[in-house]
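Same chain, two partners: chain A is paired with chain B first, then with chain C.
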Partner chain A sequence: MNPTFKIVFTFVICSALINHIAAQSESMTIIKGGTYIPLYGIDSTTVTVNSFLMDVYPVTNRDYLIFVEKFPRWNRSNVKRLFADENYLINWERKDAFGNRLLPNTPVTNVSWFAAKKYCDCLGKRLPTVDEWEYAAMADEISPDAREKKSYNQHILEWYETPKSFKNTIGSTFVNYWGVSDLHGLVWEWTFDFNSVLISGESRKDVDKDSNLFCGSAAVGATDLMNYAAFMRYAFRGSIDANYTGNSLGFRCVKNIEIE
Partner chain B sequence: MKKFPLQRGLKLFTFIGLLTMFCSCVNNQKESTYEDTVDIPASREMLAELTSPPNVPRGVGRRKAKKLIVNMEIIEKVGEMTDGVKYVYWTFGGTVPGSFIRTRVGDEVEFHLKNHPDNKLPHNIDLHAVTGPGGGATSSFVAPGYEAKFSFKVLNPGLYVYHCATAPVGMHIANGMYGLILVEPAGGLPRVDKEYYIMQGDFYTKGDYGDRGLQPFDMQKAIDEDADYVVFNGKVGSMTGDNALTANVGETVRLYVGNGGPNLVSSFHVIGEIFDIVRVEGGSLINKNVQTTLIPAGGATIVEFRVNVPGTYIIVDHSIFRAFNKGALAMLKVLGEENEKIYSGIQEEGIYQPEGGGIQIIPTDNGDVVSEIPAKSLKERMEFGKITYQQTCFACHQGTGQGIPKAFPPLAASDYLNADVNRAIDIVLYGKRGEITVNGEKYKSVMTRQVLTDEEIANVLTYIYNNWENSKAEVTPAMVKSRRENH
Partner chain C sequence: MKVRLMFKTIVFISSFILLFISCDEKQKQDAAEIIEKNTSISELSIYNLPSTWTTQNNKSIELKELQGDVLVMVMIYTSCKAACPRLVADMRSIEASIPEEKKTNVSFVLISIDPETDTPARLKKFAIENNMDTEKWLFLRGSETDTREFAAVLAVNYKKISPMDFSHSNIISVFNQKGELVHQKEGLGVNNAETVDKIIELAH
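Right after this comes the complex of A and B.
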């Protein structure tokens, strides 16, 4: 288990933030739940995802600046090393301004898992689970599950190969079946349980303890060997820790649907 | 006067002193032998010299085993596959293949793998020279913007491939993430005059060979093992023309040759040379007098040969369509004096045609044998011409007349072709040799005379002239006939 998961946050009242990022919080869309077979797991393993709300866009520099202004402990100078490494918001011009080098409506990157989680918490939201994210992201423009389509895979691979796409603005890729934008093509996104794929509850893997995404074991553990794009996402998630920050790594939030 | 014997005494003393020092120096270099290479001690620290292909770092010579620091940076970047075709390469050290690492048995390598912050993907490195699970892959998995450090001791001498082993492994290799690490035996490999680094790789692009623009990786073609490009050192023409490898007559050349794959096995051959020595699969087995040596994907070989005759030697994968149609071709230019005892050069030249047997000529001479339907319209001429083109011209001049860079001139939008129709007819009739310039590029190869009827020549030339942005000239059988008579 990753010990960083065990860290308990000090409670911070962040309701004030909700008003400030009200516009952002409004632009969520419903992902209707269902079942699907994820890339990793045995063939018969289906995963059920409940309906949830997802941010239409990744969190932007403009959004994140408001958060940092409200909570200076999350600015570049004050953040605890335990929660974010040296590259936290490194491309911002100052600790409290992203400046001219970055556009306000590009996704915020160089944020850690802790920071992303805190941001979502403060809006009464949370980070999506890997299953939720993958479930929402298997849609193309017209169908909820486009993974069978050759063109879907090929397009995503092409985006992954394009250098420095994190400099593009939100909404510059495509809006998918659910109405969610930019799941592929701008930045990688944090998920709540991003590193859980390395710790498998599946019996075969637990026997040989070799569930890493290298060489043979990547092929042994996967259900869809053609889904190269998914391999790359899982590989990326496996390479990061919760205090890591990266130029191409951003996030968006989700929210449970209240049953009234 | 009394000083004199004292001086002599001093001189003698100094001489003995120097001699002792010299002897002790030599003794230091002589290394005790170890039954198990694990026991070789590594003294001192040293920064490894890394080189881009086709160069290799200095040999280890007689240096002792050391703690060798290797700094390797991973860079994802756009490069050129061939003229006008771009590709996103993933590289170790900014080049395909990655930087050459040179070690000796017993070295303790401290490997720093740095993933550039602007990269998109996590990477790692699996070095075949490593003894341990994953060859270092599990210890070197690193996200963009981070650095991984791991250490290993090189135990077995040989030439080894390293590559990225992050899922999807095939894609990381297909995009260029491979290179070579050499482990020399104690005392180093025997000295040679020239050493070079060559690595073959196959590439899979969405468009076909030569399709312009930024070409993305094609997963389906990679799985089908249907390569668009098979190249040495990451691109077509990496070692041809001005970039050709060089040597002088009388020198011994050693090539460190790897095959990154991901799919294809290489039949490595140097046209006009015989390998004096092949260190088979890069290991300790020495084979002698070899024409073509097989290099498995994810394997390597060391070949050595003495160059005796000046000229250009073509280095190929002798699965020969890869060489002439997919790019697996490099050149070694050897300068120096001719040696006619070994190779005479051209003593007489001329195109050979078996006129005596007459097998190919008879049909045109004898009208009865020709059961040819003459084309009745330009459209028909084009149709028939296309068939002849596919059968006769396609192999060299390619499907859309684009030719093959540096080997066969283009017929598409060709200034040379459009300048003179009669010359074009003559070339088909009588062949062509010697240097010509087409669209600014020089070509020096041979086209043999084509045994075609007047009708066929008229059709195929009309087809060529009315395609690919050419002058739309129509060639008739009468025109061909008059050139035949003219000759």
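Right after this comes the complex of A and C.
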């Protein structure tokens, strides 16, 4: 197909999608930028995160259905294996309907990184970076950085032990300091640069920079539970491929704040 | 209240109009997709990626233009002082081990993970400095997103750790003529015999 046409089609379809999910795109909230020290950086250097907009809720099955209807190439039958493994949307009843097995307002899961990225692209949004996600997610209800609070960490770790929380509806966990809901407690979420995590192990031999992430030093020797919960997330990100889909992994989008 | 209701109705109707427009477009797109499906690109082929790249000669290129060649690919950045020179040396040693008669359909591709710094001019300079400025060698830079996406396909992980440095996986990948990943070798200065054998086996 002529590339110009392709662009035009994509534009037309995307703008229609933007209209349809207008309600959803409205529910974004500002995360005010700042600096933080991630679980592991180089020599505990601080990372600066610019202000950005984040979806209040993870993308739901209802939202995702609209996307699949607009982009049949992203339905279960058409999606290419390069972009999503065989478990893509496996819990949906049909290729074009999630049916009665799932509630419309539960987070969509069994979506790959490619699919999540495409979805956000189409709304003029993008996936959050690991740093943006972690920065927004270190807040509890009342403070922007609750990582040293026992209650905050306990909540996350309890969730890690809870099976099938992806079946819960959006908004069923807590709304954090920024007004973002469900960062912890429903599903794990894709990040744009999930493949920036370098773990040394059977498949990754880059031991130089990130050896403190692997095995002992970060997790077990950690000063408190805070590192353990975050370690789980980093380890998980480092262990998956971009076409991986799983029933506890969903996503949400973010957007840059336009400077006028 | 009434005004709001009316407004809602208008929004509702207009969204239907949009829906129709988009359905129309959707059909056209589906038709195009059916045509696309009839070509020989398999589901796992990297030629499904729509990204456009720039070469060291400042030429715009789509990955699928490489279809038909065996591709040997690696992701590097030119300001890299540690691992990349060795990865590049590995690539050159692989290239040198392929018999001339087999080389016609083999391309050696180096993709920058630092597109901001690695301009075409810089890639060109790097190619010349490393005696890799022949048509066998292709240096590519793309957008940050396309680069991240391509790394995801190659299972190459990388992270910017300072303005000048990246930490990254050292993986050389071999793709067959259809763009399917057939072989990967990870590590620096590792024995490349297997990789060389694979390329020779694939190239006619």
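Operating definition for what follows: the second predicted complex is superposed on the first by the 217 of 260 C-alpha atoms of A that agree within 3 Å, B and C clash if a C-alpha of one lies under 4 Å from a C-alpha of the other, contacts with A are read in each partner's own complex, and residues count from 1 in each chain.
Assume a contact is a pair of C-beta atoms (placed from the backbone, for glycine too) under 8 Å apart; a residue touches a chain by one contact, two chains touch by 3 or more.
Bear in mind the structure is a predicted one, so any value in this text is a computation, not a measurement.
Novice: Could you say whether A:Tyr228 touches chain B, chain C, both of them, or neither, answering first, second, both or neither?
Specialist: Only chain B; A:Tyr228 stays clear of chain C.
Novice: Which partner chains sit in contact with A:Asn195 here, chain B, chain C, both or neither? Use first/second/both/neither.
Specialist: It touches chain C, and chain B stays clear.
Novice: Touch check for A:Tyr244: first (chain B), second (chain C), both, or neither?
Specialist: Touch status of A:Tyr244: first partner only.
Novice: When the two structures are overlaid on chain A, which partner does A:Phe114 contact: first (chain B), second (chain C), both, or neither?
Specialist: A:Phe114: touches chain C, not chain B.
Novice: First (chain B), second (chain C), both or neither: which does A:Phe236 touch?
Specialist: After superposition on chain A, A:Phe236 lies in contact with chain B alone.
Novice: Using the touch definition from the top, say if A:Phe83 reaches chain B (first), chain C (second), both or neither.
Specialist: The second partner, chain C, only.
Novice: Just chain B (first), just chain C (second), both, or neither: which does A:Tyr160 touch?
Specialist: first
Novice: Answer with first, second, both or neither: which of chain B and chain C does A:Lys150 touch in the superposed model?
Specialist: first
Novice: Once the two structures are superposed, pull the chain A residues common to the chain B and chain C interfaces.
Specialist: Dual-contact residues (chain A): 238.
Novice: Hey, which residues of chain C end up touching chain A in the complex?
Specialist: On the chain C side, the touching residues are 14-15, 18-19, 21-22, 25-26, 28-30, 32-33, 35-36, 43-46, 48-50, 82, 145, 148-149, 151-153, 155-162, 167-170, 186-187.
Novice: Quick check on the complex: what are the chain A residues that touch chain B?
Specialist: 87, 150, 153-154, 157-158, 160-165, 188, 212-215, 218, 226, 228, 231-232, 234-236, 238-240, 244-249
Novice: With touch defined as at the start, can you tell me which chain B residues reach chain A in the complex?
Specialist: Listed in rising order, the residues of chain B that touch chain A are 76-78, 88, 117-122, 124, 126, 134, 137-138, 141-146, 165-169, 171, 175, 206, 216-220, 223.
Novice: Report the residues of chain A in contact with chain C in the complex, numbered from low to high.
Specialist: Residue positions touching the partner: 1, 5-6, 9, 12-13, 15-17, 19-20, 42, 70, 72-73, 78, 80-83, 113-114, 117, 126, 192-193, 195-198, 203-206, 208-210, 238, 241-242.
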